[in-house]
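Listed after this line are the structures, all set down as C-alpha cells.
Next, two complexes with chain A in common: one pairs it with chain B, the other with chain C.
Then we have the complex of A and B:
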C-alpha cells in the first residue's frame, strides 16, 4: 500500500482503513466480510477525488467511514491534521462541522414534516450559526438564492414532497455546505436525478467546492461524470484501491486490467463507433474468503500463476499514478 | 418489411379531475431486424408507449387511440385471448426489475418450464429441460442455474434469466424497458453485447427504452427522442447523436460530460416537464427551449423529413431548410 505523508495542510488523510463485518451463524463465524481492506489516500483542500468501481466494491462503505457513520475496524483518519477519532469523542458537533455527507436519494434525506426553512434553520440552530430567528431566515434566503433556487421565498415554506428531486438535491447540498465543512462525501449524488438536470447539480457541487475550498470524495459508478468533476480518481475493487492518479491520466491511460475493463465497458457517447469491449469473466465476487493473491486474478484476462498467491504492491508509475499490478507493461 | 407499425398513437389517462396526455400522436415504423432506442427524461412517456403496444395499461383509466400493427395484425382489434397468444410468441418484454417477477420459492428451471408450458403444453419433460438449459446457455449462464433459487443469483444473473425467459418462444419483437439500468457498468456492458450477438442469431427486432444516451449509442441503430409524449427527433444513431438538430436533443447531449478531449462545460436544460394535463398549443418543448420564437408558442411544428430518414419536429429546423431552398 502506498503511504502518504500526513502534512498539516491536507484536508483529509486516510491511512490503512479496514472495515470487516462479522457474520453470524456457526459456519460463517470465521468468515469476515472484508468490505474495505486497507485503503489510504489524502486530499488537499479543494481537491475532488472520484471513487469508481462496481457495486459491492466497498466504495459506499468507505464514504460512510470517512464521515463516521460506520466505525472502521482499524486505521486512522485525520482531518486537517487532527485525528477524527479524537475530535469526534471530544466534540461530535465540531466533527460534524468539519465532515459532511451528501446522500444519493434526496427524497429520503429530509424530514417530511419539516418545511425547507425549518430544515435549514434547525441545522443552523444546532450548530449555533446566526443570532436570531430573523438573521437565520435571512441567511436561508441568501443561501437558497446562491444555490439557484430563486425566488427563495417560493421555497421556504414548502415541504419536501412539494419539490422535485433536483431541487431537493440542491437543498441537500446547500445544507451540507452551509456548515463550511473541510471535507464532504457525495455518495452518488446524481444517480437518482434526471439526465437533463444532472449537469446543473454537478456544476453546482463543483463550484461550491472550489469556492469554499472544500475537499470532496465523489463516489459514483458513472465514469464520464466522475471524469468531469474530479481532479483525481481512485478505482476500487473488492475493498482496495487498485489504481489511482490524476483523472485524465487514469481514464485515458488505464494500466490495471480491471480499470481497463471497467472503462471499456462503460459506453461513451463520443467514441461509440469503434469501441472495443474487454470482457471479464464471471460476476462481481463477494468479499468473503479472498485468497492470498491478487483480488482480481480470478476474473483477470492476463492473470498468471503468480497472481494467485502474490498480493500485488501498489507501485508509482509517475505523475502521481499508482497501480497495483505487476504486469502492466505486457 | 416493417414488422411493427405504430400510427397516430395517443394515450390519455382519464382520472377523477384531469385528463393527462401521456403519449401524443406518435407514428413509428420498425423494420425487421431493426434496433430502436427510445430515449427521454422520466415522465416523457417512453414506458407508456411500450405498455400501450403490449396493452398492459389499466383499461379503466387509459384511453388508447390510433393503430398498432404487429406483423399484419391489428393489435387493438384483438380479443384478450388473441393478445395472450401474441404476447411472448410475437412480442416479448423485459422490464427494469423483471427479476422481481421470479418466484422466490421455486427453482429457476421449474419456473421457466411452467412459463414455457403455458404457450406450448405438448412437450416432453426431457426435451423441455434441454430447451431451458440451452436458453440459459444462450445468455451465458451456467446450466447449474437450472437447479438454483432466485436468491442464489446476482442481479445480473437474474436479469439474464429474464432475458432468457423473454426469448423462450422466439419472439419477433423484443422490448427492453430499462432492462439494463439497474445493473452494474461491467454487467451492463456484457449483457448489451450478448443481446447484440443474440439478435444476429435469432433474427430479433428490438426496441430499447432507456434514459441513458450511451446505451443507445452503443447498442442501437436508430433512436427516437421523446419528450412529454411526443417524438421530437428520429433517425439513425450516427446522425442524431453526432448531428442533433432538435434543441432538446442538443440540450440532452450537452448535459452529458464527454470522456475524451477537453473537459467542456456541461449544462442542463432549465425548467421541468410541462404539466401534461394542460393542452399545449404550440411546440411542447417551447417553454424550455432557448431558441423559442413566437411561432413556437402558437403553432405545433410538423415533422420535417431530412436526408437519411432523419425526422425532426421543430420550426427552426424546417425554417432553415426552407430558407436554404429559397436561396438556391
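Then we have the complex of A and C:
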C-alpha cells in the first residue's frame, strides 16, 4: 500500500488475489464461493502485518494461498520482486525455504510417529542443511536451546504427544525459522494455547522476525494480540480488506464501521476509556451471492441506500491508512 | 541411550497390552506354538509324512499318535508338516493382499479425483467377483502349484484392505501435519509413503491378520476339492483324503480339521485383539 517504495524492496507483495471455490451439486453449479475476493497488500522485510476478521472471512485461505498450500483463482504474489509462481516452478524447495507457515493446532503439526529429533533432522535433510548425522543433531540441540527448550536432550527423543502445546508451537516456529524464510504466515498460532504461555510464543515470534528480518503475516481473530505484535493491521470482511493501516492508527482511530464495531467489542482494549459498544446484528452472510454494493451494508449501522449499489473503493486517508467506506466522516 | 530406553519401554508396553487383552493373548500363544511346530517340524514329527507305511488306517496308538491314513502315512507327522504349508500360504497371500491393498487404497484416497474414481471402480469389480470360483478357474487353467495358489488368493483378497486404506488416507490428508509436510517442501509421494501410510496402517494390519486365516481356509477348501498342490502335504488335503474313510477311520479328517479351526481361530483372535489395541480411540494412549 505504501506506493512510493518499489516492488523490489518488498519481501512480499500481493496483487488482486481471488480464490473462488466451485460448489458441488447441480442446483448452484454456477455459483462460486468467493472466499478471497480481491486482496492486495505488501510487506517490507521484517514487517509484521496482522490480519483480523471473523471466522469465515477468508483470512486462513489467504494465508494458505500465500505459502502455496492452495492455488489462487487469479492474482499474483511476488516475493522479493520475483513472482512466486516462477520461483515455485523453478525450484519448489527454494520456494518452501522463502515462505513458511506456522499452523493453528500445534498438537497436530507434527507426524505423531516422529520424534522431535526426527522431525527436525528430516527437514534439514530435505533442504540439505548440515553434512552428517552428528552435525545435524548438534544443530538440533543448538536450535532447541536457542528457542528456550532446555536442556534440549530432554526433548529430542520425545514424541509430539509427550509435549505441551506451547513447547510444540515453539518447535513448529523453530522448524520454520530453520529454513531462514523471507516471510512467514502464522495462522492463529496462539489461539489453541493456554493464556499463560501465549505471551511467550508471541514474543518469540516477534523477536525472531526482528532478528532474522523476516516479514510475517499474523492471522488472528484476537484484536489485542494482533495489536501487540503487528506493525500494520488489515481488517478483513467477506474476503476483502476493508481497512488497513499502521496498528496504532487503526486501533485508536478506526474509520470503517466494521472495524469500529470490532474494536468496540474488544473488552481488554483501553477499558478505562469506557467506549460505547457497537452491536451489529446477525452473522456474515455466506460468500456466494454478494450483491453489487458494499459487503458490509446489510449489517452496517450507518448504511444507506447508495451502499447497496456502489462498491466502495479503498481510499487513502493519510498515514498509510486505507478505508473502504465513503461515509467515514459522518 | 535415550533411544534404547524408549525401545525397551515400547517392548514392555506391548507385552502389557497383550496381557491386557485376552483374545490377543490366547491368539499370540497359539500362533507362537504353531510357529515353533512349523519351524521344528522334523523334530516333532515321528515319521516321514511322505513315506507309505505298512499299517493302513491304524487307529491312534503309541506308535502313531493320531493314527494313519489310507496309504499308511502317519497323520500326526502329516499335520505337523502341513503347518508349514498352511502358514506359508496364509502369510504370503495376506502379505500380497496387504501390500496391494495399502498402495492402491492409499493412492486412491490421497490423490483423490480421477485416480480415485478409477481405482474405486476397479475395486468394485473385484468386490463383485465371486472370488472362490475365480480361484477355481485359475487353478484349473494354470495348475495348482503352491505359488499359484498363494498368488491368486493374495490377488483377490486385497479389496477390503484397499477400502480401509482409502478411508484412512482421505481423513489423514486433511490433518495439519500433512499440510505441514507440504509447507516444509516434501513431495506428494514422500508424504504418502512416509506419513499417510505409516499413520493409517493399523486397521490394515488387523484386517490382514484376518485375511491370513481366510487364506488358510481357502487353501484348505481348494485342497478339499482336490485342487491343492499334490506335491506338498496340507491340512485340506488330509481332510480330503480322509473323507473316504470317514466311517472306518474318523481320526484322519477330524484332527486335521481341528488344527485348521485352531489356526484360523488364532489369527482371528490376533486380528480382533490388534483391532482393539490399534483403534484410533485407544491409539493416543499408547
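Everything below uses one rule, namely that the second predicted complex is superposed on the first by the 319 of 330 C-alpha atoms of A that agree within 3 Å, B and C clash if a C-alpha of one lies under 4 Å from a C-alpha of the other, contacts with A are read in each partner's own complex, and residues count from 1 in each chain.
We take it that contacts are C-beta pairs under 8 Å (C-beta built on N, C-alpha and C of every residue); 3 or more make two chains touch, one makes a residue touch a chain.
Not measured: the values here are computed from a predicted model.
Undergrad: Identify whether chain B and chain C fit side by side or clash on chain A in the overlaid structures.
TA: Fit: chain B and chain C sit side by side once superposed on chain A.
Undergrad: After the superposition on A, what does A:109 contact: first (chain B), second (chain C), both or neither?
TA: second
Undergrad: Touch check for A:123: first (chain B), second (chain C), both, or neither?
TA: It touches chain C, and chain B stays clear.
Undergrad: Which angle, to the nearest 10 degrees, do you get at the Cα centre of chain A between the Cα centres of chain B and chain C?
TA: 80
Undergrad: Using the superposition described at the top, determine whether chain B or chain C touches more residues of chain A.
TA: The larger set of chain A residues in touch belongs to B.
Undergrad: Using the touch definition from the top, say if A:59 reaches chain B (first), chain C (second), both or neither.
TA: neither
Undergrad: What is the contact status of A:96 with respect to chain B (first) and chain C (second): first, second, both, or neither?
TA: Second partner only.
Undergrad: Per the contact definition in the header, classify A:170: touching chain B only (first), chain C only (second), both, or neither.
TA: neither
Undergrad: Tell me the contact category for A:156 with respect to chain B and chain C: first, second, both or neither.
TA: second
Undergrad: Which of the two partners, first being chain B and second being chain C, lies in contact with A:69: first, second, both, or neither?
TA: In the superposition, A:69 touches chain C alone.
Undergrad: Compute the least Cα distance separating chain B from chain C in the superposition and give it as a whole number of Å.
TA: 14
Undergrad: Starting from the residues of chain A touching chain B, keep only those that also touch chain C in the other complex, and list them.
TA: none
Undergrad: Under the stated contact criterion, what part of chain A meets chain C in this complex?
TA: That would be residues 64, 67, 69, 92-93, 95-97, 100-101, 103-105, 108-113, 123, 126-127, 153, 156-157, 161, 172, 175, 179 of chain A.
Undergrad: Chain B touches which residues of chain A in the complex?
TA: Against chain B, chain A makes touches at 54-55, 164, 194-203, 221, 223-225, 227-228, 251-252, 261-262, 264-273, 275, 277, 279-280, 283-284.
Undergrad: Which positions of chain C touch chain A when the two form their complex?
TA: Residues of chain C touching chain A: 2-3, 6, 175-177, 179-186, 194-195, 198-199, 284.
Undergrad: Given the complex with chain A, which residues does chain B contribute to the contact?
TA: 41-42, 154, 156-157, 184-190, 192-193, 211-215, 217-219, 237-238, 241, 251-261, 263, 265-269, 272
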